[in-house]
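Each of the next two complexes has subunit A plus one other chain: subunit B in the first, subunit C in the second.
Here is the complex of A and B:
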């Protein structure tokens, strides 16, 4: 069920307003450009859950705003609404019924955005910027989990100003993911903690990092029975680790692979290594997408341990990505990720969000 | 505060003494904070310093480091891993090694001396400093250096260090002279007492004697056996073994062999011999970390098996790890929680130290910097990798930053400045009405 129809649909062009094919490399993959993208770097993207009809995309940015677009079946994007924080937005997520959006910001607060009424209220407060936010739906409770640079992980019932629970972490939270009943948090100084969420959240295990460099992004994957069974962890130096929680044979089942590096086979020039900015798993196929500072995205099959595709290089890093609920659309954002510091920041440069048909390209290599 | 008073008494042996003494109020506050587990304010302050380190663009970067380290010493009286003090010192000293303007800056010297005292080989550090011209015009260097010699019982060298300092015209000269005289006085006293003790020595057997004397004579006795030289526990009795208490070590100057081989150090050759020639090789400061059970970091650790180069050289890289598999427990959960004062957030207190990343050793860092300055020359046949992100910015302080933290910090500062200009503009224009945007 492809959302974009034939190849000659909106997929072609992806050009500027004037309809001419642009020669600059801002969209070498000729994917659909989302209209009215944010004015500053996009930090996070999230598609609406399956409980809601249609596809709605939420994007948070360093311009302190969160925007919502409707993605129609013909590929057109319609900006729907926008909300503001008093600081850059670092993470967004949806509630399981698709009626609320949660946003986390550098202003140390998290807000709940009711899309029907277009109102927001603050639901969380930390001592430092909130880096991650996830909705947890358990059989006996529901809450929002926020991970912050103040080294705490807090759980919020949206009706109360005080957290239901607060867990101390050894270091600042850098990235997290939740697939009930498992949550993974990767912290500074290469910390890695797995939490179990049944009954109430508690720390399950601290894992020695499979990577040698700073943790940057993490995503949980599921097994054939749709139970979370492991996670993919990306670092700042072009490497992703696939780690199972309870594998039959850890040495063989867990592995790492290099990605987002340049001129792999040419040994005369040094190999450039880029940060992996985000990882997303395809909801149906279980294959994964990684996006990096080098301005490329890649699709991988972790079971066959092969690369499925690598894109052309965009002229900016790709900072965020996500799949929609049925895996037909892959969204990725092209904007500056601050990987080279303040000097390489050009506020004039436009930021983009692209949508790509993901139905075919992410099919696994060998169907077992 | 009464509680905190008691607290200080309870743990005073854990508090590392500072050369310039500790402010009592700061000490109380630090201990109270640790007691209550109030880490938030500490974290925020630390984060503020870390940000300042990275975003500073003024003329005096040393100032930020100095203030940060000073704060750390006051706030973490016990030192320890949580404070990152040794790491900070290491980074601070290596960062400015090439910067001539700081070479005789009092603050910089103080950092170097702290660094030396915390390192396993202070003598190497002092020699390096002298070779590089760091602190050679400051009395502090010579004082600390001669103190080190004195701790090891080498009065002769301690004396000559002072003479060096005076010869170089180190400032302030009076201070040097005062300390020098004190040293000489102590040396005389030692000789007198040791001469009387020598007579007692001949009578006694090689047993623990020491009850009549306040010195730790038991160690000195052992050396006569020839088995073990008195390993002077320098680091344990750090600042208390000072110039003021030089008597604590009985070092008979009689038999020549004893005075020379005071300290048995398996890693080091007796110092009196190759002093001069060693100056050549001190092009890079020695590693500072006094870690146990750690293999010495080698340059080859992070290099994969190199391909055969064009010239046909194939270097055999020594394997960085032992050939057997050390036993690792399957279960890597933290130990069962017993009620203890250690904050769970600082669980890492008892964890095994991971081998430090090669990038972090001062030797490697200095070399990396030299490489960058010389416009990296191609090395033979090695696959070189280049990280395409701002490593310096991320890793310059004691802890790492991620891109977002860097950016958020810059955003925060920009916003703070904006607010400040707004409020001052509002004040200028409308003094009566106070408006806050």
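Here is the complex of A and C:
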């Protein structure tokens, strides 16, 4: 459908700003580059939902801005609009009808951006930076869920300045995902809480983390009937845990796998271990993509427990990724994620967002 | 024939060819489907069975066990690299009893429940696991500011900070023009991490004792809540030092002190100087009632308590700066040694065999009346505290939190 197979508008290697066309390693996969990327690290990406025609990509960055691009079928990206916060933007999400975008920022507020009018209003306030924001659409209510470093999870009706509900968490929220009727929040100190969202959000279960180190990203996956059935949890230690909520045989069904490490089978030299920065599930195939601080992305089939593909190494870590609503486009952002501290931060270094045709590479390995 | 121990654990490599005896019926251990409701303290503590449940059909009342951490063993068509392979650990420990098979404890049915297990074995395995993990952590270049847990529960002494939090601190520091605070605190955190990792890796006997007691007694473990964000505050922890401590605590600077009794709570950073105090919780965690303390917010005067001026490095942490860590958090200024509690009066508290060292004395509570004062007036102390101070030695469990009165100090 979308013709991202060959690069049309954008050449490989040089960005066109520089005259040379050396294939420097900023785009070794020769994917389509998005025009006008943000000036600082991209923290989050989100594609528009299927209710809206076309593909629109939203990206939030550490330059305090949120940008919107239209991604056309021929691969061209057209910058459409931009909004600002007063602090770095950490998470973005779309409403279910595709008319609004919600943005969460370190300035402790979350805003609702009406794309038609290009206006924003503040809809949420926390005591600490807001790390995650998700739109919840239930049969009997709709709200925005914000998770913050102030250890609370709040639910906002966008019309009211006070939260509809506020839930206390054991620690700072580090990542979250929502697929109605389930929400998963991973916090600091290896906290992991599952919420159920029917009628009203309530804590369903606290789970002992299958991972030994800090949680970094989480993504819910669905079963064959499109019901959320479990989640994938990534940590800073190059490991992802696949966890089902109610598996028939937990010992066999739940597992962890290592990823984003160097030196695959050579155990003589110590491995470099990189953080898993984001996980996304393909909306159609159910396979997943992970992106890491090593500057690679990988595709996996969790049912067949195999790796489908690993990319070449980019020269910067990959900080965010997402699939579009029909699974044809995989977007990933190449920018510094602070995994090595401030010494490796170069504000002059260009940040990129790449788009890749995801229809073929993410097909599951064996149909069971 | 001698009985094959590996077979009993379910992992004999030779199978039928094994020269040792494989008793049928003694082998319980190949499947790991134990319905253990929770694994260790962490799970127990926070297990919640909500009373209300709606009818979403993925929600079922059964509990499930968490023991299914099988490493993803074979990537079918995948390329090399991350996906496959057994863990590095198993390789080296194939023939050792203190194995990396974390589930051997759970899987052998010859012991019906964990109570029947030989806990010494368990502990040895845990210690071994921890050591190996520390080694990997040091050499791999992975993010240092992360919590860490061994099989049972979390090991204390690690600050949990996400890269985003650190980055935000940098940006706010940059905006306010004061990056030095950021640099200092990062340096301090890095030092603390290095020393803690090294301590756990070398695992002296006292570290071992404290770690094991922590694992077996999860309620005593302190969780360091690394961060409370403000516009300028930046949290840091001061670690235990050398080999005697197992946990770290920190200091709250004005406004943030949420001191939970056992856990070292969030702390924020004094603006210009690093102020450390620390206390150690060892086998007797109850001994030090309040590891954290509150200070008045005005930074420089707080430094009256600091005994770690930038210049001094403490010997323990100096030893801990091994270059094994591939992670470079370079220090731009002279590093602040991790807080070393040589508090004013005596240094003799550092007794490796005895469980504690002199602890942080600073003013106790949020109300923080000891704002900046090093000693308390005798009238400020309760009778008990006065008794402690005048006694020859402190009694564990009753060590006063307020600083001693100047009059009692004999130097």
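Quick notes
Everything that follows uses one rule, which is that the second predicted complex is superposed on the first by the 349 of 368 C-alpha atoms of A that agree within 3 Å, B and C clash if a C-alpha of one lies under 4 Å from a C-alpha of the other, contacts with A are read in each partner's own complex, and residues count from 1 in each chain.
Here is the rule we go by: contacts are C-beta pairs under 8 Å (C-beta built on N, C-alpha and C of every residue); 3 or more make two chains touch, one makes a residue touch a chain.
Please read all numbers here as calculations on a predicted model, not as lab measurements.
Superposition model on subunit A: subunit B and subunit C are shown in a clashing arrangement.
By the touch criterion stated above, A:168 is placed in contact with subunit B alone, subunit C being left untouched. After overlaying the two complexes on the shared chain, residue contacts for A:53 are found with neither subunit B nor subunit C. Using the contact criterion defined above for the overlaid structures, shared-chain residue A:139 touches neither subunit B nor subunit C, since it reaches no partner. With both structures placed on the common chain, the touch criterion links A:228 to subunit C but leaves subunit B unconnected. The partner that reaches more residues of subunit A, of the two candidates subunit B and subunit C, is C. When the shared chain is aligned, subunit B and subunit C each come close enough to touch A:131. When the shared chain is aligned, subunit C comes close enough to touch A:307, but subunit B does not. Once the two complexes are laid over each other on the shared chain, residue contacts for A:257 go to subunit C alone; subunit B is not touched. Annotation: subunit B segment clashing with subunit C after superposition, chosen from 5-13, 203-211, 221-229 or 329-337, is 329-337. On subunit A, the patch touched by subunit B and the patch touched by subunit C overlap at residues 43, 62, 87-88, 90, 106, 128-129, 131, 149-150, 170-172, 174, 188-189, 205-208, 212, 214, 216, 236-237, 261, 267, 270-275, 337-342. Those residues of subunit C that touch subunit A in the complex are listed here as 31-34, 38-40, 42-43, 46-50, 52-60, 62, 64-85, 87-88, 91, 133, 136, 139-143, 145-150, 154, 160, 162-168, 170-171, 182-183, 186, 223, 225-229, 326-330. Across the interface of their complex, subunit A is touched by residues 39-40, 43-44, 47, 307, 332-334, 343-348, 357, 381, 383-390, 393-394, 399-400, 402-408, 410-412 of subunit B. The touching residues of subunit A, counted against subunit C in their complex, run 43, 62, 87-88, 90, 106, 128-129, 131, 149-150, 170-172, 174, 181-182, 188-191, 196, 198-199, 202-210, 212-214, 216, 227-229, 235-238, 241, 245-247, 249-261, 264-265, 267, 270-275, 298, 300, 304-310, 337-343, 345, 365-366.
Subunit A meets subunit B in the complex at residues 43, 62, 87-88, 90, 106, 127-129, 131, 149-151, 168-172, 174, 188-189, 205-208, 212, 214, 216, 236-237, 261, 267, 270-275, 293-294, 337-342.
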